[in-house]
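Quick heads-up: structures coming right below.
One chain, chain A, links the two complexes that follow: it is found with chain B in the first and with chain C in the second.
Coming up: the complex of A and B.
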């Protein structure tokens, strides 16, 4: 009933989000999960120049953002499956959609595992693993099942909850940081900075949803501009946090910290505070980030499945994906294994979905002069 | 079915229909110079204003009916016409031929006059029934501002609104719901300011209700709100006509229900439940101080017990050492886990609140003293609960009273237990999990197409201007635009002009 009464120009756009909401969604989806291990991973390669690597990676991601949003804008209101179908043909469309789906499922699973691991180490040492697993997955699934509109509004609220404490904590941290740890700048050889930036590149995992959001954008005209804004913001935040964290622990120490950003938040002493340890702030940040990433991955992977199968509601597929993600997340025995598998997945699937597929779509669509008029 | 031309057939039908209704007053009386023509007067006792009816209208009928010249009565319809066109000293009458409609208005308190030989009856508006006048507001009390409240009488309520908004564009669209109760309802809105699609939506939802009876606003709310499963109110209920009038000026729709001393305001977003009509009668800086306090108290009312459980049970090292020690010392001799302790106190508090509503007012204060002071004190000294829990639960209760909307507080009361349960099971993670579930739920709600979390989410659809009257209230001269509820063509509510002490400014 509601759909028929409320027109597109009214305040209620069913199943549509604004570009501002997309920015909030992107920020939450990418930033929190990406940044936790980032300083360690770039410092492994580039030492004190890790933050330069992050900036380099951001630059590269901006290019990929332009490529992805260009493709999305060529076919407004079209699902990814149909976009690929139009550019490369139906069978490849299904194949690539499933590839993206697999990538997102793995992303959700690794994220879930890492989340559960951190929760066990920092907050709930005695609670069974499965309980944390299942409850997080259930909440993410609940949020995903409510659809894109609700997800966008949740993101708008949560972004405040994440950003304010973060800015607060890192603003205060400036007092007891030894910035000489960052000197000398650009001393690392360029190859190692490049290797660091390749590592940092995958902190932006999840950026490929820009190819999938097409059908949900009410006015995609400035899609490229606003997603670039979001990416630049995320990039700057990541670079600053990386720099501050490296400065605080020193490049030699940081490689021994599993999650340096969390450690960092935990050890900053707040002046005159009634909170002795910032456990609450960290967990706020971390729970919400994990939620946002798992939720996004669940939502888009279920959507891809729905588009390929062409029947049912996306929430049915979410139900189906829950046990799969839980199983995959439970698979590795050690945390080290988790990161090994995660890196492997990044280097294969990640490269495919974040670089190869967007570039191929862009190139073929350009060569065949496809888009808008034809679509 | 139409009115019969034979008077006796009408009488027979009506008396058959209203058999055993002893509140019905009916009288057949002769008129005309030779008293050979008959009319039949029928009304419900207690629903009509007998003073008006018997002191002015009936004598008029009899007098004018008998003084008429002989030839005037040749045609039956002319008797009806005579009665209608000056036979009675009232402007509020009409002719009606449909029997069902006549019966409906009869039961609403009007008087029907049937005339021998005429295929129609005259309906005289004589509604008047016992009522308690315009009462004083006692749910949404304010210090500065009007103290009138809506009452059970439908007509008074519309008058209270009309008195505040004297604009011909203020429409009061009549709808009737309930097959048996025939409850009158009125959709009050400004024709040019309301969003047409919202109005159409509201009308359609009300029209779709097919039930034997609706007795109050609350029932109507449940039928028309977007998600009836949610504990969160998606329509705003108010007893204050000034609040309803201000809502109407913003482009919202006020639904008045007969016999209900409350108005339903739609659409409603979570923000509107934090606004009190006093916010606009006192200085903006005071309001901007009180509003954040209300949001904070909402957080307390919702989350404080859960947070306490999570921290004391799972993460005591988060607090400063001294505080942890103090709390541990207070809890030392308590035989229960923190959850149980909080639940006992919460249960006692909810019990107190429920009992406080039911009790007659004079006894009410004593239950506060017995329940709150004596039992609380005794529980602490008996070592059943720790004093900190008493503080927490009392603070939660006080905080819940600082929120102006009763229905929102009720929703918080329920949500509080979800937070307590998850916090007790999973500590801070559970606390956040419960909050996330709540945020997701709130974000998925809509009130007549408007996102419930507006303007905190989707604020951009109105250019963020709605933040001017949200967590803070800007001075009125800054709020030139109407809120999101209004039709975009009528979004301007104030023109630039000279304000305040103009001369001094020059």
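Coming up: the complex of A and C.
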């Protein structure tokens, strides 16, 4: 039944993506959103050793990636709702699917709000939030409605647009970096590094889609290997960006920067350039990253809702989710509230969807020797 | 309803909505170049009015005059006072027709009275750092006069003070002319956060009437967010050696046969720490290379191999003395850790840092400074 529903909804040729396309999607969905404030968040706990916390978090995420992809591979071409239903029963399947849906909606909403705040501070100071919200949501919704195949193709193109400015900015700023700011290495207490890694763990928010992507994979055999490659790449990028940003601003100073990665742009001056502020470069990266995260959240949350309700087309649910996300994004009064709610969502829903549910599904499926057509 | 009617509707609606909103969004933040007031320099002073403690002066680039060309001075000068710095800055905006833009602000000059009040100085730093427009690389200067006086004067070479300062610091030979320290907003914030102290380059006025011009040299020393004194330009060369900004500096010594001048092409300082006799020691090792620029005509034997070594020793001795002098001034006269030694100790000697961190003022006060200079004269110019 599930397979039919997914095929019916497709605008594309076969509604399947390759593992390489999945890697591009994962990179865009996870990398941008997490990295903007990451150096500050880890430095708050571990100071100059913040980058070690990012590496530790990457290690833990690799374990969770193996767990999630194992569960996905046990039930090929099966929706998440059906997987949970088979392992834990239909009622829990519906409940957990709604939990994931809520998680994705909140992720999209907070991402949208932070995107709007950054846009207001750097480019459009007087444009109302509503305009930024609706513009971004409509673009993301359009992409989500087109189905996973077009999302994947767009991701393959956008990944270059994201990476090139980022490499350029960090390459140029590298001339003016005091790497002694990373000294002394491993001087922070292990508990502080661990706390930093817990904070960095949530920079990988969006990894949950590995549990949801099963029905769209053309050849899921090497899913674990491909996903791990993507996560390792993201982790290395995050650790390098964290280290360079901490080295640039110093551990004492970085904790006072709201978005230190974006502030990196202020520190460079292009040789021979008559233009002083090159913020547009880093904004290219940020706009695309925000689009990718919101687009993924809309796509997967609409599919989850459709599976639970068992009616209609996923595009209808996308339309329904747009005002909800916009309202939630508008809800926090100021940025301090945004991060308070975001941290709360991470510590509750984030822990549930990124750690507890995958481990429970893995454990129960293993104990009951389920999967690969046996269930 | 057709099979894909819902999605088709969404697609069309999406395209229309996106185009509509993107186009509409241009209206809110649309601003023409000629409607922007580009603030090039900001001056901050204490106002006479008790209710409005801040007075802000701004040099704004007159884009309209620039477009027309001619001899007209392309600077518009405005000032206003306010209940806070942000308020005063807002009041300046209220006095002009264009939209203020700080994205191209090159320099901020802090007046003498603001530097004397720790609360005012802290408010200045906080307000500047919160303004997203203001680049953290903009130059910070202190003055022993009012910032308004500095902004009112016009540099001879360049009409815009901020542009003059940026160009002065960017030129490779800035140190040749004077021992000038550079500080930007980011450097000031880092320095104040690390030890509540800073060394801010000084800008002042010299001459009178039409002869009056701005000069850069020396520094204002800030401790606990307030100025505790000034250091002269002559003493600041030692600071440049120790902060690795000595390349490009000219140094002259008096020899038996007149004056000999050397231009440094390379200057690398390294600071290490060790403990001896229960006291913290700071060992500064400086590696300098340079070339002779001038000596006495027909005294070429001065540059024979043997004499050259002696000359190197004398130059090294002079530099070492300058380093020791500035260290003593900052350590004993001002009790200011102007070189960020506490932070350097944290990075290099974690064990010693943990030992001395708690009572750093005492450790710094008792610190023994050891300077070693390794100087090489690479060439002696076009004359043998």
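Following the convention adopted for this analysis, the second predicted complex is superposed on the first by the 356 of 375 C-alpha atoms of A that agree within 3 Å, B and C clash if a C-alpha of one lies under 4 Å from a C-alpha of the other, contacts with A are read in each partner's own complex, and residues count from 1 in each chain.
Quick note on the criterion: a contact is a pair of C-beta atoms (placed from the backbone, for glycine too) under 8 Å apart; a residue touches a chain by one contact, two chains touch by 3 or more.
Being a predicted model, the structure only gives us computed values, none of them experimental.
Judged by the touch definition given at the top, the superposed model places A:336 against neither chain B nor chain C. Once the two complexes are overlaid on the shared chain, A:139 sits against chain B and chain C alike.
Looking at the shared chain after the overlay, A:21 reaches chain B, while chain C stays out of its contact range.
When both complexes are overlaid on chain A, the residue A:324 reaches neither chain B nor chain C.
Contacts of A:184 after superposition: chain C is touched, whereas chain B is not reached. In the superposition on chain A, A:344 contacts neither chain B nor chain C.
In the superposition on chain A, A:131 contacts both chain B and chain C. Once the two complexes are laid over each other on the shared chain, residue contacts for A:123 go to chain B and to chain C alike.
In the superposed pair of complexes, A:240 makes contact with neither chain B nor chain C.
Residues 11, 123-124, 127, 131-132, 135, 139, 142, 146, 276-277 of chain A contact both chain B in one complex and chain C in the other. Within the complex formed with chain C, the residues of chain A that make contact are 8, 11, 121-128, 131-132, 134-135, 138-139, 141-142, 145-146, 180-181, 183-184, 187, 249-250, 252-253, 256, 263, 266-267, 269, 276-277, 313, 315-316, 318-319. Those residues of chain B lying in contact with chain A across their complex are 195, 197, 200-201, 204-205, 226, 314-315, 317-321, 323, 425-430, 432-433, 436-437, 439-440, 443-444, 446, 449-451, 453, 456-462, 484.
Of all residues in chain C, those touching chain A in their complex are 3-4, 6-7, 10-11, 14-15, 17-18, 21-22, 24-25, 28-29, 103-104, 132, 135-137, 186, 189-190, 193-194, 343, 346-348, 350.
Considering their complex, residues 1-2, 5-7, 10-12, 18, 20-21, 119, 123-124, 127, 131-132, 135-136, 139, 142-143, 146-147, 149-154, 156-158, 274-277, 279-280, 283-284, 287-288, 291 of chain A touch chain B.
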